[in-house]
Structure formats: structure tokens, C-alpha cells
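Order of writing sets the labels: A, B, C, D, E and F. Residues in every chain begin at 1.
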């Protein structure tokens, strides 16, 4: 059976938007190093950073029909998350679908498969994180599901979860944990700001983090290089 | 035996040039989803799009001697297509060979192996699609062939065929089919232009492509998300 | 036992700096095609070219503690070279460590593992050559060594060796051979400059390099393409 | 927080055992082509086929502590399913852990990471499906979870689900669907038995499956090869 | 348009059969190091060696319909060669199709994609060389071609060509060159038999192949290892 | 310059031979988790385990001339270690070279490249660990070095070092550390033998290794699965 779940509960908008101030690495740390999608998920162009709420699509291999179905379920602030039921690097998504998503206020695509029209998507500044780039098209023969939990690039993503992506990759934050993780990200960032200033001023991490004693205990020895060639 | 075939018959110049207006994905669709080289063929810098006629070179692994031979056979409007007889990711091609090709009006290089001097090639805006980037050089010991049919990145390319490449990859169009495929590409693009305008205006693909009935027949069901966390 | 070697002997500064005028491919050729790191070492952003002296760090898999130790050993003009003792693509290095290295005048990072904060590193124009990009962090539990010989991306690098990196990859020049290799690189570049001018003017490599006779001896034949389709 | 869930509800024993009569490909088809783990999951030796109930373990990268914790939760008829929270191909599992599992009646290991002691495991005929073989060991520093839902080789597996593995790969069947899928597998197998006999007798699939008419409608043409060389 | 070419001209039977006495490496050398398929083509079980005549099938990605069509065109002594028009590692082929091929005297399958039922195929001793093993099935929706030239694992194969496969991989010999290449393989093998006997008796290749003088000319020096640790 | 170093100092024979009683994983642990070659080094057939002293060969890409030179330097008990100066998966080694090595008492080949004649090597039971299997041959044009330190599969190997290989991979032990590491391997094995017996008898690692308290301290909680479906 194929199902489209409507009116999913989304992460709180203000919270979601606030995540865009933080990098994926920071958020991943802040939530205890979980939620990171596989590192083969790469942006089609550098420099983008987005946060949004997941609308999920489960698609058959090399069949993008359900993406058309999913567009209707997207709202302003969403990120479309596409997961094939088995491996595919076909080009599921291009400029036309992107135009449709932009019209609805969708912020990005995260897809564990291929995309095409990369030049046009780049000109539109519609950010995409994908496993592959391929001009190879797909068919529209078989159904899938919209807004069910999916496994995308090795990570479980629920509809309405918060997705954040930048040049480092893609991280998912559970909708119900978003507020807490946002706060933890802010704390982490504030702490890092202080450290950054000291490091830029030439202080050493060895001293800031007070590592010297523990290193010595573990047995670290300093020796001078021998002379000669 | 090693052979250089001179005076190959090339695709019609006006037709070839007209292909540059279309993306690889569009042309690939327009010719019935054939002719696409393997997706590991990537541009050395983003944003280039070229169309030209193939001068083909069959080279031994890690030996670029025949590329020097092939340069003489190149004319204005050509794309050099290099295929090793067995796997190699050595750096067959760099700035000097590119200078020579530019002097002859060659538009690009497509090589199922490695290139080097990527910084200089990028500054020259000489576009290359390759399997690898590597500073590892090659030798000049063994002959190959110029302007014979070659298998490049999994696809058969004949001398004189039309080659089109952009950020999505590389596609080959048979010389004898070029006029028909160009027309089909134009038709496809015109049709997409109308669709694009409607999608940007917020219409849904579900309606434009009249998908709703067929989806229902296949058994698609819409349900509302349950309440609660 | 874990050791930090202090006061290593570095390649001569003027010699090291002069290498930055040459591409990795040129230097690799000039030293007899040795010293090239594996081609999976890619820059995080295009266009950078640096030369510096190696401070080497041997790290456990997914543990970046020793990088903090190594920072203190870095001087102006160095390049930090990080090699895990077994395969890891974790994100060992980010913006904070980069800030610390910049404060000490370090010119780049070469790491046979992953990095993160790629957007920030790009904005800082701190160049990195790595095997992977990953937001996945590391721990600080286990010691390693600083300024011992390491195998990085398949190549042995000694502390104080000269490391040069650009879009083509990374090459290492032994400290004791640096002056000779610099001279050989200069010679090679001068010779290529002349060739480049002739190629740009339309002369053929076949003639410049006097290849025609040897090709004929090896059995190369020229034939004309048959007529017809 | 780290949790071990005890006394999970397992798939019915008779049903689970009956699955061992069917291949992974048959079961995958019978349940509508879902539940297949990524094809990089390979057996350490050929010829094994097992069915069992999943005890799941979520482990940190390169840390196998929780596998020791999980052993205690295993019962006769189980298959241990291990999923790292981020990519690792370290050798999490060897002969000692296998001895412990055998003592408890565990039938196999399915691990989205590496194993070692492959020779000993083969001699014991303890079947393992893994992503990698590696002698590189792990640490025991960080907690994880036992008997929570995990994503293993791209597929969600719940504790108590039925796991079946053979030379074709690994498939998971939801505990609550096991009886129905078993029946569907039996039906499929019976139908195939009849087809197999006819194919062995020389009948063609074209006739058995009545494909000729549909092929002709789609436009398939038969022509004779031209004479000559 | 989709075409099935009937009554192809096959390589001479006695010649084809005689190839099975030689390894793929020997034949590859004997024909001047051409015709070798990509090294990712691996046998599903070790130890098989077969020679036969190619019946070729061009299939869409993840669609095995044309394999059923091709079976009817197969005769005793053939090898079925399957090439997708774009990348696929789906499981196109299993035990039922193998049963049908065996009934017609087909000797092996060579497929640039995935197979399944590997355990059953191994028990039947039906040899397969493939790019992947996967239980993931295919559909029967789209036509392709039978007995047209195909590119399989990077190599052009014509219907009726001779295909030889063993643990080293797969090589194709043009039908029209088969007699000459067979003779060259026999010569090579006879020559190697003499060398093998001398090597087993302890003679050195350095002497048998008279390499010492040329090595010295190239500059090879012998030195004794220094004493000490 | 190319050099052959004669009369290298080899690890003590009795010590070397004694390593064959231990698995690669055990030895790797015993020497502090160092010395393991990259996991892509796989045996050509399962079940072999060998220990020997390294004769090292540094070879150009796709050129096996120096292997012929190295044979003469091999003695009874050696393992030939071959490392290309840049990436190659060509088939450097086959049955003839193996015959020659067997005549000299060489125990195995470890090669960071390809081999061929796998069927014949398997029948001879001459064990090989390689990165690839390929029928693609090599040339004999360029010199290299014998018995110099080489980097093989990411690990530095000196002539005379002890190399041990089995189904888990390949590990190198420094000649000067061999006696100590052998002793540590024996101790480890003895300790494991006791543990193995207790595990087979049904005792849990949790108790044998006294893990329960530390797990509780770290925060591990046990809960019962909820009822229901």
C-alpha cells in the first residue's frame, strides 16, 4: 500500500530557522554526535547552509513519481528528503521540480541518489545535497510513500524533523528534541567564540584545555631532534 | 598495427553548434536515454557547457604519445576524446597540450583517465571532463590509434560524432542522428519552457501532468497525520 | 611510547618559498616522478597553491589529541601533515585548530583523513588537502607521535621535508634534495615556457619534439577515412 | 542515555525457522521487494543460509563494548545485528565473541562494519555477513544501546524482527508480518518449482510467461543477421 | 526501435572450444593486450574456465525482460553477454533463467550488473561473471536489443565473438580473428611450458630472458647491505 | 639511480617461523595495533596463513621488470613484498614468477597491485595477498629498487622485516622487535585460550572481564521491553 500522510506536525518555525546560524558540525556535537548522514552526501555547489523541516519521500529505484506527489505536501520552510528503497544513482530531480519547490517556499533537497540540471540548479541557488550527479532520468511507474519515516544515507528521518545542511554534510535533529539541541548548539558556539579569540591571539589549545598534565600522565615525552643530515 | 585516420567526416557544424544551447540531460532524454557516459566523468571546473565533434584517440595505459599525434588531426570545433585500452588514472594531459589544442580551435577534452595542471586549465577556461585528477605523468613508448571507434567511460564514440558536456556529464550523439536529435531536443525544451512557467506560478505537476487519476488507480491513499508526539 | 620531537631541522626557507612558483606536476616530474601522494587527496577549495615545511603528526584512528600537541611545534612557514595509524575518515580538524595554526604562521594542512568546518576554512582561505570531508568528530584518548617519519596517503614524509600542494594534489620533496629539485623545477619550467609559446603559435608537438620519424619506425600508418555513411 | 532493553518480543520460533528454507531473493520478492540490506554486506564464507530473530546493538565507531553487553540478551535462535552510529570498518568482532554467541545458541552475526579472525570463524562455521574484513581492533570506552531500532546497512531493523541471510545478502522481515511473508514465500517457491521443471525441459520463458504478444505490441522486431564478415 | 537479430554468425566451434585450454591472461597477451573486460567483473565461485560464443543483450537499467527474449536465440556453446544501457547493480539473473540457459547448452553468463541465487547457481555449477551480487530484482517493462554490438564492462562485444572467462576475468576475441589468436595462444603456451620447467628447476628469469646486460646498461647497481641494526 | 641491496639482514628464522602459529589480528594487538596493511589487501584464496622475511621491491607503475631482479635475492623463508611507486592495479605477477619463487623457497607474495593466473596460483597453493586481480600485463622498461624500505598498502616495510598474512590481512613486524612481539603474541594467545574455554562453557564476557560496574558507572540502564505490538 502506498500512503501520503498530510498535515504532519513540523518542528517549531522559529527554532528551525535559528539552526541556520550553526554549522552541521556544531549541531552534530551539540546533540551527542548522532544524526549525521553518511559523508557521501555532498552539496552540488559550495557555500550553502540551510535549516528546514523534513517532508520525506520513499521512492522506488529510478522512479521519481512520488516526488511529484510530495511537492503538494510541502510548505514554506520545508526541506524535501528523498530516499530510494534500494540503491540508485539515477538523476531523480532537476530544474523543473526545483522550480515547483521554490514556488512553495521549499529550501533545499536532500536525496540519497542522483540529481541533474546541476548548472541550472546552481544558477537558481537552489541547494541540493546528493549522493551523485547523473543525467540519467527516471520513470513514473511505481508508487512509494510520502511523510513516512525513511532511512536516508544511513540515517532515520521522520517527517517534521529538523534537517540542517552545509558544506560539511547533513544532520537531522528530532522534532521533539529541537529546542534543547538548539540551546546546546548556542552554548557550544558561545564557548567556542571565547576559545577562538584566545587561539587567534596565539594561546595554545594545550594550555586553554589544560591538556599538559594528562598528556604527561599518559606517557608523552619530548625530545630534541638529533643533529646532522 | 597503429592507424591514424585522416579527413574523418564530421557532424554538420551548424547542427553541432546548436546543441550547446541544451543541457546534457535534455539531449539524453531527447535521444531516448542513450549515449550517456559513466557518471564518474566530472568537469574540472563548474559551469562549462560545450558541444563539438569527436576526434578519438585510443591510448595505452599511462602513455600519452598518441595524443600528440591526434592534435594534428583536430580542427576548429572539435572535442578530443581519449580512451585508454585499459584502466589508468595517470595524468595524460596538461597545460601544454591544452595550449596546442586551443591554437587549433579545439573546444574541450573528454578523457577516461586523469589530467593535471588543473589550475592552469581552469585559468585558461579550457574545459575538461575526466575520471581523475593526477599529477602522475605518462610515457611516450607505445602506439595506439586516432579516429577509430573507441569505448570511453563505457560508451562507444565514433570519430565525427557529436559530443556535448556540462556539469551533469557527457553525452554522445551519432553523427547521422544529430539533426533529428537536435530537433527533438528543441521540442523538448520548448515544451519544458511552458511547464516551467506554470510550475513557477505555483501550479502543481500533479495537475499539469494529470497524474491524480492514475495515482489513485494504482492505489495511492491520503491520510492525515495522527495527533500527539 | 609516544614522542614529540622538538627543534626539527627544516628545509631552507628561501628554497621552500621558491617552490610555490611551480605546480605539483612540474615538481613531481623534476624529481623523477617520485613523492606524489595518492590522488584521493583533494583540496577543500580550488585555486590554492602552497609550499612549506612538514611538521608531522601520527594519530590514532578518530582521535585528534596529538594535533593539539603538534600545534606548539609549528613555526611560521610550516605545513601540518597528519597521518592516522589506520584508516579513518573522521573529521579530525576544523576552524578552531585552523585559527590556532594561522596564529603561528602555518600555511596549510595535509591530512589522510577527514576535515570539517569546510565553509569556515574556505572563508579563512586556510587551504586543506584531505581524503574526506566529514562533520563526524574525534576523541582525545590516545597518544601518538609528533615529528616522526609518517606514511601519509601512501607516501613517506619526514619532519622538515618540503611539501607542495595545489589543485593537482600533494608532492613531498626530501629536505636534503630540495635545492637540487628546485633548480630542476626551474629548468623544466623555462624549457616549457619556450615550448608553450611555440604551441600557442600553432606549431605541433609532433614537430617541436621531432616525433614523426620514431612514430613511423614504430609502424604508425596514416589512412584517409572512407566515404559514405 | 544508554539503554539495554530486556525480554524483547521475538518472532514466532516455528515461523522463523521455516524461513531458512527460502533464499533471500525469494523472501525479498515475497514481501514486495523491501527489507534488503545494502549489497556491500557479504558473507565471510560461501554457502551459509540462516534465519533468526534480531538482537540489535547500536555501537560507537570503532568501539565494541556494547557487543559484550548484548551477548547476555541473546537467546537460542537469535542473530546479532550490529550497527555503528557512524561509518567504521574496524574489526569489531572475532573468534572469542563468536565462541560466546555459539554457547548461547546464536546463529549468525550481521554487522555494518568489519570482522576479524575470519579463518577461525570459518572453521567454526559461524556465519557472518559484514561490510569489511579487518584485523584492526576496537576500544571499550563509550556506551551505546541494545535492542533499540537500528539502521544497519541502510535498513531499519527492530529487535525481534526476522533476519534471513545467504550468499545473495541479508533481508529483514518485520516480526508482525513474518507469518504472512512466510506464506507468500512458500507460494512463490511452489510456483517457481513448476516453472523450473518446465524450463529445465526446454520450454521457453517467452511461452510460459506468455510474453510474446506484449513484446510485439511494444514494438519488438525480429530480423536475420546479414551475411558476410 | 528494439530488434532481435536471429541466426548470427558464430565463431567456429572447434576453435572456440580449443580456447578453453588457455587462461584469460594468456589469450589477452596473445592478442596484443586487447579485449579485456574491466577488472570489476568477478566470478561468483572460483575455479571455472569457459569459452563460448557471445549472444549479446542490451538491457535497460533494472529491467531483465530482454534476457527472456535472448534465451530463445541461444544455442549450444554460447555465452550470454548482458550489458545495461546505464549503470545498474540490480539482480537481473537467477536460478530460473540459468535453468533455461542450461537446457539450451549455454555455458556461462557475463553481465555488467548484478546476479542473485548465487548459492543455487554455484550448486548447479553454472558459471557467472558479474559486477555485483544482489537480491534486488528487476522489472519487465522496457525493451532493449538482442545480438547487437554492446559495450560490456568497458569493452565492445559483437554477437558471435568468442568470450573466454576464468578467475582472472573475461576476455573477448573477435570472431574473425579467433583462429589466429588461438594459434598465437598455443605458441605462447608452448613457449611458456619450456620456461616453466627451467624456472621450476631453479634457473633464474634473469638468465633465461638474458636480462642482465640490459639492466646494467640502464644503470642497475648491486650493493651489499650495511652491517648493524 | 636504481639499486639492489644484497645480503640483507633477516629476522631470526626460528622467531619468524613461530609467528605462523598466530593470527594477524593477534600479532597486530600484541604489538600495540601498529603495522597493519590497508584492508584492501586480500588473499587470492581462503585459509592460508604464512610468516616470512621481507624481500622488498619498488616497481614503476605497470612494469614488473624489477620483480625478476628481486627473485635472485630471495632465500628460503622469504616473502616477496612489491610496492608500485604510484597506483597500479595491473597484473604484475603470475604462474611463471611463482614457479621461480617456489624453487627458491619463497613462501608468499604481498603486492599493492594486481596479480593474474589466480587459478594456477591456487592450484599450486602459492599464497598471494593483493589489491586486485587482473589479467592486464605489465612491461619491462624501467628500473626500480630491491631491498630498500618501501610503502606497501600504506605501511612502511623494511627488507628483513617479518611479514605475517592470513584471511584477516597482512601485518609487518620490525626485525628488531620480532622476538619481543612474538613473546607478546604468545602471552596474548595463552590468555585468550583460558578466556575461550570459559566463554564456550557459557560464562559471559561481562563477568570474565568484570565490566558490569564500569558500565553502570557510565550510565547503562536496563529496562524491559513494553508489551504489545
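Quick note on the criterion: a contact is a pair of C-beta atoms (placed from the backbone, for glycine too) under 8 Å apart; a residue touches a chain by one contact, two chains touch by 3 or more.
Bear in mind that the values here come from a model prediction, so they are computed numbers and not experimental data.
Participant: Show me the overlap between the contact partners of chain C and those of chain D.
Facilitator: Of all the chains present, those in contact with both chain C and chain D are A, F.
Participant: Any chance you could name the chains that touch chain B and chain F both?
Facilitator: Both-contact set = C, E.
Participant: Measuring from the mean C-alpha position of chain A to the mean C-alpha position of chain E, what distance in angstrom results?
Facilitator: The answer is 43 Å.
Participant: With centres defined as the mean C-alpha position, give me the chain C-chain E separation in Å.
Facilitator: So the centre of chain C lies 39 Å away from the centre of chain E.
Participant: Between chain A and chain B, what's the gap in Å when you average each chain's C-alpha atoms?
Facilitator: 30
Participant: List, in ascending order, every residue of chain A touching at least 2 other chains.
Facilitator: 33, 36, 39, 86-87, 89, 136
Participant: Which chains touch, pair by pair?
Facilitator: A-B, A-C, A-D, A-E, B-C, B-E, B-F, C-D, C-F, D-E, D-F, E-F
Participant: Which chain A residues qualify as touching chain D in the complex?
Facilitator: 33-34, 36, 38-39, 85-87, 149, 151, 154-156
Participant: Within their complex, state which residues of chain A touch chain E.
Facilitator: 61-62, 86-87, 89-90, 136, 139, 141
Participant: Mind listing the chain C positions that touch chain B in their complex?
Facilitator: Within the complex, chain C contacts chain B at residues 23-25, 28-29, 33, 36, 39, 42, 46-47, 49, 166-169, 171, 192, 195-196, 199-202, 204-206, 209, 211, 215, 218-225, 227, 229.
Participant: Quick one: in the complex, what on chain B touches chain C?
Facilitator: 1-9, 45, 65, 68-69, 71-72, 89, 91, 94-97, 99-100, 102-104, 114, 116-120, 122, 132-137, 140, 143, 147, 159, 176
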